[in-house]
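One chain, chain A, links the two complexes that follow: it is found with chain B in the first and with chain C in the second.
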Partner chain A sequence: MTAEATEPDFDVIVVGAGPAGSVTAYLLAQQGHSVVLIERGEAPGAKNLSGGVLYGRVLDEVFPGFAEEAPVERRITRHVTTFLTGDSSVSVDYAGRPLAEPVNAVTVLRAKFDAWLAERAEEAGVFLMPGVRVDELLREEGPAGPQVVGVRAGDDELRARVVVAADGVNSFLARSAGLRSKPPEHHLAVGVKAVISLPRTVIEDRFAVTGDEGAAHAIVGDCTLGIGGGGFLYTNTDSLSVGVVLRLDDLLKHGRTAAEVFDHYLAHPVLAPYLRGGEMVEYGSHLVAEGGLEMLGSVVTGGMVVVGEAAGLTINSGLTVRGMDLAIGSAVAAARGIGEAIAADDVTATGLSAYRRHLDDSFVVKDLRTYERAPSFLERDRMYGAYGELAAGIFHDVFAMDGTPRKHLVTVAREAFKRSPLRLRDVISDGWAGVRAL
Partner chain B sequence: MKIVVAYKWAPNPQDAVVATTGEVDLSRAKPAVSEYDPVAFELARRLADATGGEVVGLTVGGPSIDTPLSRKAALSRGLDRLVVVADAELEDADGTRIATVLAAAVRAIGDVDLVLAGDSSIDVAQGQVPLTLAGVLGWLGLAAVSAVTAADGGLVVERSLPGGTTVVAVPTPAVLAATADAVVPRVAGMKDILGAAKKPVEVLDLAALDVPAPGATLATLATAKPAGGERTATIFDGSSPAGAAAQLVGALRQAGAL
Partner chain C sequence: MGGGACTVTSDVTTTSVPERLAKNRFVLDEEESHIEIDQEVCRATGTAARIIAVCPAGVYSEQDGQVVADYAACLECGTCLAVAAPGALRWRYPRGGFGVSFREG
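Moving on to the complex of A and B:
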């Protein structure tokens, strides 16, 4: 091969124009590097399922005041957590204006939001290349061992000093570089999600929000037919995003299909009134890595780093499901680390390990450590059945005025607990695990 | 030979939302090169390569048709350069208006031998623009073109018509509208997209073009989706696959379909 042929076409190739990829590309272009951003879809956002809740503080650091400019749907000022049984529900409802300023969480529809982020990258000088599916990594033996030197798509090869894999949960690139083996099934969940269109005034009335405020509901218990996982429901401007996240191993064990559980969820008497009269405008399914820190694989190899969901960066604490903010956090760390590696002219695994150091120092890994035990805590089956029954039992006895003399709340709780299949030592064990996990 | 390919930056049907009433909503669809136009790009490229000519892309419409993404999407598909007329006044322009602006742009490009276009656009789908363009230019215009090759002093054009195919000799200049399946268009590769960013783009000012003022405008009075075919909606018992197949064959025979 001639010297000319091995000259890199770009400083950095980023594969995947989701939040992780676009922010990495944007920040590297701002540092003055030549960056190409390759996207499989015909346009950024095209391949994405509806959207999600974005915890926006980290993005606000990259694009100050982004919530004013970016296509965000609503600012979440109301978080509701609900335990469901077959016919009742117990909710904790936190509505707080302090959550609105500065922006804590917003809902976004990815088809619009990803396009906006990619446009910012393009403005900063990134070469956006949509409609291209990367087929393989180009690898060569370097002085410090095997080194990723570019990508191949069809008949074309592109070379760069660093390749950034931002290709999502199934990251083909991270796997082909040997950075991730196929994760065990109990670290994978399947998400089924729909967007239900409703007039914005109806949404504001049903969810008790005004203007651009919105609500996010996290739901556990009967909504998943007792399968490990949970449901969510949140408000966009003139639509609702509603879905379930189901642990793959538990779903198989129960012999159910994800679609079956999802239909049950939509028809649940607690959910149905929110959705009534709405029209389903999108429906889809997506694999979710929900293993927290355990899923975070090796994120650096010679000539390549992995960011966002491709690196296994998601947190499901039971109350919040996070992915996009961690993706953006990893992008910030990756852009710094790659910048330093290129400046030091060392893009081997050693040079790029600067990324891992920045990632470890960031809120991303700190939060993963905080919630380290959440995945295994959420694997406790009682979380999905008995606790909802217990809570519903207590509140039923408190509010049911059936002519019997009222009892003290403690007595009510004790009696409800006796009827429940739960054992005290389970509750103590789960409570302790929960406190440590969350 | 100087070939202009007139194409439309139109909603991508992959993003279409089909309502339960059967109505198609393209308002949330991301734009792309209109579905049938890459066929015209491909025909033009092959003809230009065979005759040593140039292929110029031409598109007109509202301001949103001219973005880095839209430029690369067109230029990565075998064009040599691009000419764009993007003006707010053309945002919801009808086919006649689009055709008159295209004609003015073709004249401004100058010395054009052939204009190629897809048969119809993916969103409006009236198939009217190419032939109106031919009329405004005063050139020969042919639709349903399934193949085109160069011949002495002109073109040999194959047309795919309901009664069969005809092959005709066509003098230039001419406007040809290609069928959606005339050729399989190329898929742009990474090098094509990188190369696209280096190709020249000329933006023509609508006000500076010699376009006659719009004539009568169209008022839509009513729309209805096409009547669906009568369906018998028969469901066969599938417990025995062989039995269900026999019933299906029987029903198809009875209906005269077999």
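Moving on to the complex of A and C:
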């Protein structure tokens, strides 16, 4: 091969225009690098789906005041956590204006939001190639060992000094580079989601919010028929994002189909009143990584780094799924590390390990550490059935005026507990594990 | 849409999966399927039942003892591949620009 043929076409190739890819590309272009952003969807966002609650702090650092300009749906000022049993529910409702200023969390719809992020990258000089699927990595033997030197898409080959794998949860690129293996089923969950349109005023009345305020409901228990995971119900401007997240190992164990669990959820008497009269305008599904820190694989190899969910960066605390903000946080760390590696003219694994250092210092890995035990805590079956029953039992006894004399709450709780299949030992163990995990 | 009067009568909870999918935008690749099934491995490893259960779009079904994939309905989540035994499925993303195209997400 001639020296000319191996001359890179770009400084950096970013594969995948989700939040991780678009923000990495944007920041590198801002540093003055030539960047191409390749996306398989016909437009950025066309393949992406999430619950939609974006914790906005890190994005606000990249694009100050983004919530004013970006297509965000509502500012979340109300977080409701509900434990469901077959016929009752117990909720904790936290509403607070302080949550709205400065923006803590907003809802987004990815087809619009990801397109906006990719436009910011283009504006900064990134060359966007939508509708192109990257098929494989180009690799060569370098002085410091195997080096990724570009990508192949169909018959085309593109070369760059650094390739960024921002290709999301299935992470075919990272797997082909040997950085990740196929994740075990208990580290993956399938999300099934629908967008249901409703007039804004109906949403505001049903969810007790006004203006651009919104509510995020997290639901556990009977909504997933006892399968590890949970449900969500989030407000957009004039639609609802409603879905379930089901751990794959548990879904298979329970012998239910994903569609059946989703139907059960939508029809649940606690959910149905919120959805009444709405029209389903889209139905989708997507995997979500659930392994937390355990799933964070190797993120650097010669000529390539892995960002966002392709690196396994998600936190599932049981009540919230966080992936978008971690994707953006990893993008910030990657753009810095890649910039330093290119400046030092060392894009081997050693040079690019600057990314890993910045990632370790960022809120991303710190938060993953904080929630390190959450995944195994959430694998405890009791979390999804018996606790909801117990809570519902207690509140039933408190509120059901059946003519028997009222008892103190402690007594009520003790009696409900006796009827419950839970053993004290389990509760103490789960409580302790939960405190440590969450 | 006007005011608080919410008169749409269709109930979101009673629609079928195909009815739901009909609302989505799909760009069908008529030339190639992105899903190939190895019937032997699928049968020998019990993969068939697993992929039929997990697929939220009902892409897989059993017909005359064979597992068939209606790839046009695929939502591209990758869940089937995640639970399939090695070698049972050859699943990749559809070619660039083809497949599901979310308008909401």
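Observations on the structure shown:
Everything below uses one rule, namely that the second predicted complex is superposed on the first by the 436 of 438 C-alpha atoms of A that agree within 3 Å, B and C clash if a C-alpha of one lies under 4 Å from a C-alpha of the other, contacts with A are read in each partner's own complex, and residues count from 1 in each chain.
The criterion applied here is as follows: contacts are C-beta pairs under 8 Å (C-beta built on N, C-alpha and C of every residue); 3 or more make two chains touch, one makes a residue touch a chain.
In this text, all values refer to a predicted model and were calculated from it rather than measured experimentally.
With both structures placed on the common chain, the touch criterion links A:D9 to chain B but leaves chain C unconnected. Within the superposed three-chain model, A:D114 lies in touch with chain C and out of touch with chain B [touch as defined at top]. Of the two partner chains placed by the overlay, neither chain B nor chain C lies in contact with A:L138. Looking at the shared chain after the overlay, A:E42 reaches both chain B and chain C. Once the two complexes are laid over each other on the shared chain, residue contacts for A:A153 go to chain B and to chain C alike. Shared-chain residue A:V281: touches chain B and chain C both.
With both complexes placed on chain A, chain A has more residues touched by C than by the other of chain B and chain C.
Contacts of A:A124 after superposition on the shared chain: neither chain B nor chain C is touched. Comparing the two interfaces of chain A, the one with chain B and the one with chain C have residues 42-43, 45-46, 111, 130-132, 153-154, 279, 281 in common. Those residues of chain B whose C-beta lies close enough to touch chain A in the complex are 12, 14-15, 17, 19-20, 28, 30, 32, 68-69, 72-73, 187-191, 193-194, 197.
The touching residues of chain C, when paired with chain A in their complex, are 1-4, 6-13, 15, 17, 20-21, 23-24, 27, 50, 52-58, 75-79, 81-83, 92-97, 99-105. The touching residues of chain A, counted against chain B in their complex, run 9, 36, 38, 42-43, 45-46, 111, 115, 122, 127-132, 153-158, 279, 281. By the touch criterion given at the top, residues 40-43, 45-50, 109-114, 130-133, 153-154, 169-170, 172, 182-183, 185, 188, 190-192, 194-196, 198-199, 201-202, 205, 238-239, 248, 251-252, 255-259, 262-263, 266-267, 272, 275-287 of chain A touch chain C in their complex.
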